[in-house]
Amino acid sequence: MQTHKAKRVEITIEAIMQSRLTDALTKAGVTGYTILPVFGGSGRSGQWSRSGQVSRASGMVCVVCMIRPDRLDGLLDAAFEVVERHIGVVSVVDCEVLRAERF
Amino acid sequence: MDQILSLAATNLLSPIILCFALGVLAALARSDLSFPEAVAKGMSIYLLFAIGFKGGVSVADHGIDARLALSLLAGIVLSFLLPLIAFALLRGMTGLSRLDAAAVAAHYGSISIVTFVAATSVLESSGIASEGYMVAVAAAMEAPAILSALWLISRGQGDGRRMDPELMREIMLNGSIVLLVGSFVIGGITGADGLARIESFIVSPFQGVLCLFLLDMGLVAGRGLREGGAVLRPGPLVFGVIMPVVGSAFGLAAGLLLGLSTGGVALMMVLSASASYIAVPAAMRVALPEANPSIYLTLSLGVTFPFNLTLGIPLYVAVASFATGG
Amino acid sequence: MDQILSLAATNLLSPIILCFALGVLAALARSDLSFPEAVAKGMSIYLLFAIGFKGGVSVADHGIDARLALSLLAGIVLSFLLPLIAFALLRGMTGLSRLDAAAVAAHYGSISIVTFVAATSVLESSGIASEGYMVAVAAAMEAPAILSALWLISRGQGDGRRMDPELMREIMLNGSIVLLVGSFVIGGITGADGLARIESFIVSPFQGVLCLFLLDMGLVAGRGLREGGAVLRPGPLVFGVIMPVVGSAFGLAAGLLLGLSTGGVALMMVLSASASYIAVPAAMRVALPEANPSIYLTLSLGVTFPFNLTLGIPLYVAVASFATGG
Amino acid sequence: MDQILSLAATNLLSPIILCFALGVLAALARSDLSFPEAVAKGMSIYLLFAIGFKGGVSVADHGIDARLALSLLAGIVLSFLLPLIAFALLRGMTGLSRLDAAAVAAHYGSISIVTFVAATSVLESSGIASEGYMVAVAAAMEAPAILSALWLISRGQGDGRRMDPELMREIMLNGSIVLLVGSFVIGGITGADGLARIESFIVSPFQGVLCLFLLDMGLVAGRGLREGGAVLRPGPLVFGVIMPVVGSAFGLAAGLLLGLSTGGVALMMVLSASASYIAVPAAMRVALPEANPSIYLTLSLGVTFPFNLTLGIPLYVAVASFATGG
Amino acid sequence: MQTHKAKRVEITIEAIMQSRLTDALTKAGVTGYTILPVFGGSGRSGQWSRSGQVSRASGMVCVVCMIRPDRLDGLLDAAFEVVERHIGVVSVVDCEVLRAERF
Amino acid sequence: MQTHKAKRVEITIEAIMQSRLTDALTKAGVTGYTILPVFGGSGRSGQWSRSGQVSRASGMVCVVCMIRPDRLDGLLDAAFEVVERHIGVVSVVDCEVLRAERF
């Protein structure tokens, strides 16, 4: 099966920042992303869990984005602008994708 | 005094308070008892819808009171004003930074709808009437406090950290405001007929849902105390108990000036005394991400909310009764 | 005409319609008000269970009517037939491709259970009786339309795009059919005794749950209009309003032929007029993935559903009353 | 005998049993009908809260019976004892390994709260009274069986596989115990007054929620049978039907010794006869991860639970009536 | 700690296609997979979110599958057959796993 | 945008073992992790799904942890100790992260 080199970017960010992030990604030319729910976590700002929560103040989501390697820098710049002052994690992995025409 | 104590005692032994206490204890003991997020949100939608709808129906029944507009205005003014007072107190009595103090202050200008709901059920069981539009006042008080807090910060830092219009829209149209106002309007339009159709959904089971919701809030508050409790120095802790009393005094003044009923005055006190733990924390995470959420969440949900629920409400009701001679 | 207008006015100002409108407005204004998926599914399970059970009890009460089997048959025939008509209309009045037209057509042969539920509550509040087994007719009409649509496509393309047996099983045993038929049978077996045991669960709070469910549907529909509205050209839009009326005429004919009661005729019209937004879209994604879901979802949920809810139902009820002289 | 048969017949045709059967059938037919996890958990919280609260209120009403402490003690002893008997039976009649046998045995010493709830509703509809504190006995019987099973294993293997203190805490403070005991205490404190406030939430809709919950349990059990059914040899299968009867005999003896009412004896039999499917499986995954969960889950939820629900409960009630001359 | 080379395949696919995909994977000899819920996303076919939805028509799931490298081609062929006509994304990443005997 | 080498460790483990695992990770010096809900899966011990479940006995979670490469061994040892007797999967991927000071 023919596969194509791509980058898998995973951005774990506060739920309240989700739409700001995805708007920024869209502006940076990202054509697709997938949002995974996050159940809980821990970091320098302490531990948290969504169970029983009503407020959107605590809680994160995970935005996963497959892109062509040459688009990576634009994406990271856009993402960084949004997460800069916020808690969260951005990671990048090399991957191969099927149906490259989609990216 | 006697009345306060007996009201407080009855209140402390009501199912809703005991459920909250159960939740706190279970969380402190690290029980795995927990509500799914979806269930908690579902209950909160139910409560907001029911309280808004009933308020609207009551307005439809009693006609639009001339005081409605004035009360809304008073609520908005209070919501703008209280953060300034809270901020001054915090800077005076605690070592919190400007940023953390402003973030905390925003919570105390805004309101906690569950505290409001708990107060209405205390009023009901004491047979004290109140204006149906107080639920609209509650909605009106949610957001202005956020603007005050951001103004406090921008003034201090002069860094032009502005309220972006997107955030403004988010705050004004946040789910709980829309649901509360929307169901208030629907209740107002459909009136007693509409209520008759859904009464056995929004009236009869209300207290029971409130019990489970408070159990869940107890679990969340207890978890917060376990994790974030260490953050709290004596200063902020004392603030968390004093500020609601201070706020309630402003609410009392406003209620009396407006000439509200005993119940209306009591609810105005409760709104002023209560601190947000849903809308404001979310806005603070967006606008002031550097402020420490453990501080404002623990204060609002772990200190002030339980204080109001147990001692505050009976106190405010007693004072309102006394002041209005009701 | 007067009756239609007054019924429409009462209907438009009922809590359920206003809740739907609130949801649409909130979504269009991009409020973050939203129901968790689990809560939406929970409410839908409740509604299906309650409506099925009550239908079964009513059949148990009145005995199995000789018309039950004929009504089921009529429903199945309508569900097979209506997509062909819808398809012809779509090909005539819109520029939709064969594929998109067939996918849309499938929705209009099938039914929307919430529209059905809303209609039963209009009937109830107007004191018009209907046959309890109409809920079984609703279940029978869910699936056949899908087969018609697939036949339209395979005929057109001759590519042997077959209905795989797995899909067939999925469609026939999809959750809402199983729940509706299952609770109908349970209601039929346990009858009035069974109903007495769970009445305060499935009857009293029903209208209230329906309000919240319609609020949620309004949110989803509004979101759909915001995102997918652009897709809709005038042609399909007009179709979304005309087709339910056309469908209802077939339902009317069937109902009169069967000799149903006024309420039964009205419900047969409602079923024929309504368009699926749960079962059929899922089947289309599996069987016709190339068809554009924005088109059929926006038409079904964003155009036809609100039309039926607000104007359609009063119209169908009035026509049924007139036609049966009821 | 006649009484058993008629009670069994009434029971088999009650909505709750039919709902369970619908769930099993739907799952076996691979329908996609399913409840979201959050809804299932929400219903389970509701049921535990309601049953605990009502038990507490009933104790508050009738005063603390001298037999309460003794009944709790008897429950604890039974929970410790029954796994030993189950283990002996399993080793005798099935080819299960020590490990699997011990894991299964733990389930039969503990209890199933839904079986208990179903039994109380059979008692109620037969007009047979029971002690309100039986719900506390149920809570007391949840955990001890786990210790017995771990002791059986450590004795056999001498490998010092110890109960870690963390696990101990988890078991004692697991959500269902905390909720059951907590709401029991709250019900006891607030008494009839408290009940009056939330009655239309925890009493009226109870049977209906139970129906939907059993529908969900039927779905889960049916799925389990589909996937795990193959695991079950005739030996374990027979055990799944015999063990509840054996357990009920011990419950009968305990109930008579304690001098409980007819309903109390029946419930003691039901508790002894029922097998855990929530708390114990989780504990087994932590403590005995090598034991095969398909075996104990299928036996407990797929065999013993349906047996008790359909035939067991009427049998135990009839025997209890006969034995107490009630 | 001893680790072993493997491939991590991530298939984001419509929820309605989930059982067809996992059946195909199982036929292709895949011994294990994990299904993550997806909350929302965006792509060429527009934006979607599960919130408030009852229908299974919109909504995706993410199937994650760790396999031995030599099994990759079989898996991708099987997956492609299912996703071919459907929306969705297939990506592959090199990874290391503990307890290789399990794959 | 400046990125830094790191490892992305993904541990799929029974939900009941979650707190034991995260405690062990914390002891091993891990400073952050994110917990993703898992909807269902399949492996040698059969197929499972969370739908309609009340018990925590069946069901897994996915713990994702970005760490500095030199900490990997400590993490894997700690994780292995917990998952050893249990079902579940541990995988490691090379990644790049923004804001390395956070790890």
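All chains are identified by letter, namely A, B, C, D, E and F, in their written order; residue positions are counted from 1 within each chain.
Rule of thumb we're sticking to: a contact is a pair of C-beta atoms (placed from the backbone, for glycine too) under 8 Å apart; a residue touches a chain by one contact, two chains touch by 3 or more.
Remember, predicted model here, so these are calculated numbers, not experimental data.
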Chain C and chain D share contacts with B
Given the touch definition stated above, what is the smallest step count connecting chain B to chain E? 2
In terms of CA centroid distance, which chain is the most far removed from chain D? A
Far-end chain from chain F, centres as C-alpha averages: C
Could you state the distance in Å from the CA-based centre of chain E to that of chain F? 18
Could you give the separation in Å between the centres of chain A and chain C, each centre being the mean of its C-alpha atoms? 39
Of all residues in chain B, which are in touch with two or more distinct other chains? 32, 34-39, 41-42, 200, 204-205
Multi-partner residues of chain E (each touching 2 or more other chains): 36-37, 49, 56, 93-94
Checked against the stated definition, the touching pairs are A-B, A-E, A-F, B-C, B-D, C-D, C-E, D-F, E-F
Per the touch rule above, chain A residues touching chain E in the complex are 1, 3, 6, 8, 22, 26, 31-37, 61, 66, 93-99, 102
Chain E - residues contacting chain A, complex: 10, 12, 36-44, 49, 60, 62, 73, 76-77, 79-80, 83, 89-94
Which part of chain F faces chain D closely enough to touch in the complex? 14, 16-17, 20, 45-47, 49-58, 85-87
Which of the residues in chain C end up touching chain E in this complex? 34-37, 40-41, 44, 166, 216, 219-220, 223, 227-228, 277-279, 281-282, 284-286, 289-290, 293-294, 297
In the complex formed with chain B, which residues of chain D make contact? 36-39, 41-42, 45-46, 49, 53, 169-170, 173-175, 178-179, 182-183, 185-186, 189-190, 194, 197-198, 200-202, 204-205
